[in-house]
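Two complexes are shown next, each including chain A; its partner changes from chain B in the first to chain C in the second.
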Partner chain A sequence: MPIIIISSDAVQSAEQIAKATADAVGYECLGREILPEIAATNKVPVDKLEEALGKSSSPWRRMRAKRRSQLLAQIEAHVLDRLMADKIVCWGLAAHLYVRGVSHALKVRLVPDSQQEAGRIAKQRGVSEEKAAKLLQTDVRKQAQWSQTAYGLNELDPTMYDLVINLGQIDPDESVRTISGAVAFRKFQPMTYSIKCLAENAMAAKVKTKLLATMNDISVQARDGRVVVTCKALKRERQKKAAAIKALAGQVEGVEFVEVHLINYVIREAAESFR
Partner chain B sequence: MSIITISRGSYSMGVIVAEQVAQRLGYSIISRDLLLDASDRFHIPEIRLIRAIHDAPSILERFSHSKQAYLAYIRAALAERASGGNVVYHGLAGHILLKNIEGVLKVRITADMNYRAAREAEREGISVDEARSILEKDDQQRRRWTKSLHGVDPWDSSLYDLAIRIDHFKVDDAVEFICRAVESERFRETKKSLQMINDLALACKVKAEIVDEFPTLGVTCQYGNIIVYTKDKSHGSKLHKHLEAVRGKFSGIYNLEIHSAAVFPPEAV
Partner chain C sequence: MSQPLEILLLDDEPIVGKRLKPALAKIGCEVEVFQDPISALARIDEKNFDIVVTDIRMDEIDGMQVLERVLAKSPKTKVIMITGYAMIALAREAMDKGAFDFIAKPFKPDDLRQVIAKAAAAIGSPIDFTPASYST
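And then the complex of A and B:
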């Protein structure tokens, strides 16, 4: 059965519509309530995982960016594993950014009602509606920057989704009907190939989580039990690094062969040559 | 009265979707004929209007404001046609030209670049790479156009009420989504929505009359009360004379004011 992935800047709306859709189609709902489970598995604080899914990201907080990619990889591995069960409505876990090439995943973007959201922010932060509207715009911009930094994708781009629904104009009940109707289309029925793609995404995420515990700037792709890892390395440490990657990646269940592509760390190499 | 605007990239099947929506709902369809309307009415060659609505303004055009003038003509023609209601507009920038109007369903039809390039290559008899390059340039041009003239990114999903990835659905499915959405309460005709579109049509007509002489003005209309905003205090009596002539030309104008050195409200055309 298909999976439904809901993305929105308004967490409350996303949760409400995800739950209503799950009820309507008889699926399980998977949201931020699984963060404690992920935290326990990886022995990290829950609030750090929540922070990793949040907005703040700036180039001068590089250390935090590295930590964020570790935490996001842990979330990604866990969520993809759960999505293998299918018949799931997933929200609030950034799955629209890492479930790629899976044709049985219906990706939906909910654009929040800007007036309602501004009202909520005004009440929550004790500011005027005008000020709240500006804060909302800043939040949306920061969220877009976050998706760009973390996954190299602009989550505001409508081409990333199968459906974009503006909750300011289309009411939640109609939105639920539209999503439930869309997921019944043949296009979203799982096929051998799309299930394989999801399993490969999950395997790549597990390998990435394992490697990111000790390394940085890793990219992982998986296909037919074969894993390709791309990583930056200094000339003098190439052999050692390749061996370490192969050993770590090989520990992940289902990995049959590991191919390592090492890219020269040009800047660090140059910096070290001047020492 | 319902108005549907369908925005799309080239070769995104938007035209077929628009035609089928119009046919199913019994609405009239507005497309390129709008430019012919504007061309006839304001005696401007159609090609200039096409360029105005398609190409981003050059540095020279930014100073001469010629694009703003052509856009005012197109917007006046669109607002007048849309004021009758029950229309589907599938030309460029409908969601921007009819922004701030209640009861307008703004739809975006999107498609994967590979899908679009394959369709263009097949239709034009060119290679897929060539087709992709053409489409990328076209998208870029439209993006620059919207950003430079309206300060928004057309790829921002929040500009639309509904966006549908057409290569993941059938045309019939997209038509079904749009028809169901437009049936909702928010898109039904209300006194307010009718007044808003009539006011927009009147503001656009006034703007179109004066834009040649005064390209940087903003015009708003509320219940037939026209306010012309100008940042330049020196326009004074010349503008006043022009506006008096305009007042006699159109029915429905109750009051006409000039606000000098004022900040333009966002709904000003």
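And then the complex of A and C:
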């Protein structure tokens, strides 16, 4: 059966509609309540995982970006593993950004009613509606920057989704009926190709999590048990790094072969040559 | 299984038919191999196959057209699409048009045998297939 991935700037609406959709179609609902499980598995604090999924209030510093990549990779690996079971409605875990090429994943974007959201923010933060509207705009902009920095994708781009619902016009009950109707389309049924794509996404995420524990600037692709890792390295450390990557990646279940592509750290090489 | 499964395999690359025909014969299937979609469609007009396995990208007639023709003539036939150009849009289009399954090339003969076994079960003629028990 298909999987449904719901994303929105309005987390509460996403949660409410995801849970109601899961009830309507008889699927499991997977959301932020699994963060403690991910935290326990990876021995990290839950609030750090929540922070990694949220808006950053300041530009990322080098160390911060590295830490965030590690935490997001841990979330990604865990969620992708759970999605393999299918018949799942997933919300609030950024899955719309890392479930790629999976044709049985129906991606839904909920666009909140900006006036209603501003009203909610005004009440929550004790500010005027005018001020709340500005805060909302800033939040949306930061979230778009976050998705761009973390995954190289602008989550506000509607072409990323199969279905975009304007909550200002379509109420939650209608949204649930719309999503439930769309997921029944034959095109969203799982097939050998899409199940394999999801399994390969999951394998790549596990390898990435493993490697990011000790390295950074890693990109991983998986295909048929073969894993391709692209990573930056200094000339003098190339052999050692390639061997370490192969050893670590090879520990992940299902990995049969590891190919390593090392890119020169041009700036660091140049900096070291002037020392 | 009382009757062997009758399969038509269409791929313009000769190596595909050469490799897959014996692999499917091992699980008791009778396979007719075609490289030319026009000849394959002529055969489909003559006979209802249990399963049609077709490549998508071919000259003159593509796999999507073959899928539509097969289902128009024999809705019970299960059509399995195979392609070296797998993309999300193509996969969804194939499923939308009624394909039973969609497999990206390259694949192992066992992958296809597994899908054939699934299709056989869906048409009510299950075959005995355990992936580890067959070599490629």
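Everything that follows uses one rule, which is that the second predicted complex is superposed on the first by the 271 of 275 C-alpha atoms of A that agree within 3 Å, B and C clash if a C-alpha of one lies under 4 Å from a C-alpha of the other, contacts with A are read in each partner's own complex, and residues count from 1 in each chain.
The rule is short, and it goes like this: a residue touches a chain if its C-beta (ideal position, glycine included) is under 8 Å from a C-beta of that chain, and two chains touch if they have at least 3 such contacts.
Just so you know, these numbers come straight off a predicted model, no measurement behind them.
Touch criterion met: A:109 reaches chain B, while chain C stays clear of it. Ranked by how many residues of chain A each touches, chain B and chain C are led by B. In the superposition on chain A, A:161 makes contact with chain B only, while chain C stays out of contact range. Residue contacts after overlaying the shared chain place A:101 against chain C, while chain B stays out of touching range. With both structures placed on the common chain, the touch criterion links A:192 to chain C but leaves chain B unconnected. In the superposed model, A:171 lies in contact with chain B only, and not with chain C. Shared interface residues of chain A, touching chain B in one complex and chain C in the other, are 185, 187. Against chain A, the residues of chain C that register as touching in their complex are 86-88, 91-96, 98-99, 101-104, 106, 111, 114-115.
If you check the complex, the residues on chain B that touch chain A are 105-106, 108, 110-112, 153, 155-158, 160-165, 168-170, 173, 176-177, 180-181, 184-187.
Note for the complex: chain A touches chain B at residues 109, 111, 114, 140, 154, 156-159, 161-166, 168-171, 174, 177-178, 181-182, 185, 187. Put simply, chain A touches chain C in their complex at residues 101-103, 185-189, 191-194, 196, 224.
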